[in-house]
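First up is the structure itself, then whatever we jot down about it.
Which chain is which? They are A, B, C and D, in the order written, and residues in each are numbered from 1.
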């Protein structure tokens, strides 16, 4: 039987890692946080990463052989939530997107050589990476089928041409995982293929930056141009033509780790809001005793607890049934991204003028999480997918004999 | 380690009971459902209960020794949801409030004699019961401290006087569990005490009925008067003065079983809505392809999945930590009661004119679940309790050394 | 300049009629209201209508020549809101759907003979009427183009065949306005045509009733069958082929009068909620001082005031620009129908157990207004129409030279 | 009779000013807008102000004698909405807070000398001003009674001491209107008094800046310190002790002009969203045809239209009944501030990645309006006030004879 661990009843090593992480975030990371609106300094990041290694909390999701804490996927949530309690926590613990998802995928489908060359230094925090998938309109955005970047065979290797954007982390990355369209040939079907491309390969160029409202992570989300970039055959990650399938592999858990990290930040906002409510007086009473504040607090607790529960359910399901788990991750992603935004928005509101100033970090948190309702599939894109999947599952069930219930019945006479 | 079972990965006997229940509800119960707005006929209920016994699905939550299926609390949810897929399913399976909660409490704190006399026939479905707690204003309602019904020692027994209302099931009940205020004496503290009172005891009188918008369950929610009702000392359930504590014992799981049953009904409404969306055309397209309907369907899936997840989390928590589980049951109750109402409301809307007529049962479902946002603690009462508890937990954490984060920081100079 | 009258600054005759109506509803109508869930008795209705005539408040919207108060459309709202303060008020004042809309249309496009024969007794309250438009799936519902009822020339007259449903008031109606599809011929284009059909015409038959959740108005919303019904040429209302155009004429103001009446009922629910909040204690404080109740009350005030404002704006716009007014009536209808439902739902919630019982009328009010979110175009149908209209207006504006603003701009360098 | 002008039916001079303003904003202001996240350059502002004077659109709300367009309050809304269509529009037209509200107050209660000295150059755009009211906790914030800044008689003048914050515009202001607590004496009651204080008066010092999430207006919202600031007796604005009353005078219309301006910005966001929906394809269809986008568009139209309607109603009411108008302005402020935020948030969402980047200005708009849900009374503070006022009005009505409706009625027997 597969199971979801209950909070307060995790296996001892997990609970210990959670508590170590909690202590490290509170004792070491929070005091080093930059001013709201400013990026984490790279030198400081390295320093804090070293401290995290010393504290035994570095890279919780990475196998021990690669220098991490070896946590199983179904136990990531409590630890990632502790990390996300600081907006720079995940970066310090080397558990931040896009590196974290890239590590996960390298671990699952990378060759031994690729793991040695890319995963080892990435897991160690010595280098960073990016994931080059989104393209300018009308290329790959919400609709991956529109992929415009191409890779064609070129001697023993490949030639990649295309324009990517929203390539988070590209500015400081050592390599990119690049999604490109490839033609069918004897060896592989037509489709998308993933390539491991060092950023110093000739033809790779960082284009204009794209400034988004989030700001803690350095490097922005720039345009990246691939103009006649030549890579060897060994640059293919997994098999040619299976890129979309791998993207799903990456996205299921990646979506969920986003949820975990941001839920941690919602808990931070909640604590700020509670500290304010417990100490400030308005209208002669503690805010916490005033019902409108109580409604905001209670609603936030409900948002946090249901988010925690759906993440746990989804993580456990991913382990027993990857396809069902991936489907449920859409539900989790929509619920958690919207819930986290609501919690922080309420905290801003309850803290009044301080809430929208940089005296408190809340307004910046709002800007940090705003994009999460859009990236990794927007709320609307996921809802569309959820509705279609649910409606067609029901249709198949009815076709398979489940009684149809959509017809209105006519009753004669009075009731 | 305590765990939450993942859907699709329950222990085999649980999954088998779930599937048997599912088949029984679809094959036997749904075809026998009364017309929307009409109560389940008592004779038909008995007949269907006999069929449930034959099908091995009767009283899933009741220990085998009392004739049930012996399901552990953490496995109730999947089976109760299957039962609730029909609005009369729980009554047919003898898993309906208030009997189900009364059974649970008798099992936990009843004496052997009380179990023999009251639990055995109740579990068998031979008799039914009621729970006499709510009183007219200004008595016990949202605020149990206002309890106006009294019990005073009278010879070797007790004399009970009071007026109860919203006493669901009283009309056909064989006995009531009556909550009454008792004074402190040598043997027990002042407080509330629960009494087992046969309904044919002299002085017990069913008063005016109270018509509420739900209608499947026969008997309404009448006023019940207790005028000089004499009961023996053995009528006390548990110990004198501990009634409120027991009520909490009863309410935690009882709140959650309500959630489970009504979530089953939300799934029914969902299927009706999907069958309609899959087959009716409007504006030249299937409703399921129209985005506004898609939004309604997706939002309903999210409501159902998060409800399922928070119920599972809470049921598992109740097993390891009754106090924390009871606190979380407030969160679950608010979320599920509101979510279920939203799902059914959307189904009504999507089915248009048929949705508000008795050609489909949806409008009646809406009326069946409307009171659930109020009874067992209204949404607002629970929110108030959640906010107070959360704020004071945080205050204690800060007092215990957790860094205070509510002060706005002042930065000099420009950023 | 056309203007919206401001509350408290209506012309004296309007304000006087409003106050007379207010006094009549409070003094005469409310004391005669039936028990929640029961229909208004027809004999009592006649009696109350006589009293309304005596009080000078009967048929406020009807021209004086037909026995009404001659109120101009832009002044209907304050008076209709007063009428709607009682769920039976509009019926008593002869200002209830479908009669009110039928009177309006007869007045606008009826011939003198039709006015004499149908409008005069209808306006006097001597007879009642119905509007036969909705049909069973796949006929005319949300999509009027699907109209299946036909009228073909038959000698000097017409032969009507079809099946209508949700024909509110048909049971007691003296005549129906029937919408039927007619073919193009020398005299008129293909389209829909409206016919005035006495209900005792051979071939007209009341079919099975349809029970909906509303219950104050007697007669339900039955199926009506037209089997070979012969009517003379003079039965055509307006011109042949223009039925859909006339339906729009009818629907714009009719939609708005629904909003006015139901907004009156929301004000009633508000008063009940306030009376409760002002007098009941919970947790040792007046509910009105508890913030969660305060939030519910304030949100209800906002719902009521914005509803009142959009109705006033739309009524004024209808007078200067019927097409723009009709478009805005979609916005008003969606906002008011949802707002009214929310207000009553909050009142139910705030009144707890009494809210869902028939001790207070609130739960029944909820059932009375629930269909309003569906009929006269469901919320979703209107939203679809609003979005399409708005998007295409903007597209045309851009085509006409308004600068296009949808392209993302690329900035080079840092900001 | 007082009236609300209907859109499309304004008096000719108003409509002409609206159209001139519209053309000026689109032709001159929008092309000059700074990059999202950057403040309007002061030199550019002066240049654009000159162009506005030339175009005959400068200072629409200012009497002609002071160089404005002399628009009456009830006609401000259409023109201010046109101004607000650009986030820098109101500043260019000299119709921006806090100057606009300060002009309004000077005009209403300033002496001739004060008007000459302060209003004339302010209305001309030659100088700017600030309003020094908010103080650090526990001073005057949501609760003005907590005012900590004091003014004491000092010779023939006054000495002012205190610390203000969130003093928008202070950095570049020539004078401040300062709210200070004064004691009762022979000439005036205890209370708050407003003083006109040139910013170069000795003892006035700009303190630390406060960075809030909005950024178009230069100068931020700094702390301002008043240490032993001596002003003459003629510095008092209006009468001593009446400061709170005047603040209400200022706040009613000021609150409403905020609503008007921000509603203009919501219309801008709407156009951006529509341009995107009309031209981008996702999933093979125009976004505008996809229902989830349709729902977002329709809901935004409803938000905009109801905001426009409640502003119009409130502006008209302010003219006939200042007290009722001020009360209704709370309702308008809550509704419009929340509605505008929702509209922009939906526009961000619909534009996906571009929505949260500075390729489009939407994310910055979200940051510009976020504080509006807090300043001039937060949503929660207004709701609290609305609920209290509404509940007590109803209580007085019941005391005056209006029938009490809060008691549950008991019906005997079945219905």
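Everything that follows uses one rule, which is that a residue touches a chain if its C-beta (ideal position, glycine included) is under 8 Å from a C-beta of that chain, and two chains touch if they have at least 3 such contacts.
Given the structure is predicted, the values throughout are model-derived calculations rather than measurements.
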Listing by label each chain that touches chain A and chain B gives C, D
Maximum distance between Cα centroids and chain B occurs for chain D
Between chain B and chain D, the Cα-mean centres are separated in Å by 49
Chain A and chain D have mean C-alpha positions lying a whole-number Å distance apart equal to 39
Here the gap between chain C and chain D, centre to centre from mean Cα coordinates and rounded to Å, is 37
Shared-interface residues of chain B (touching two or more other chains) are 37, 211, 280, 290-295, 357-359, 383-384, 410-411, 415
In the complex, the residues of chain B that touch chain C are 37, 134, 137-138, 141-143, 165-166, 210-214, 221, 280-283, 290, 292-293, 296, 348-350, 352-353, 355-359, 363, 366-367, 370-371, 373-375, 378-380, 383-384
Residue positions on chain B within touch of chain A in the complex are 1-11, 26, 30, 35, 37-38, 268, 271-272, 274-280, 288, 291, 293-295, 297-299, 301-302, 305-306, 308-310, 312-313, 316-317, 320-321, 324, 328, 331, 334-335, 351, 354, 357-360, 382-384, 386-388, 390-391, 394-395, 398, 402-406, 408-411, 415
As the complex stands, chain B meets chain D at residues 208-209, 211, 290-295, 410-415
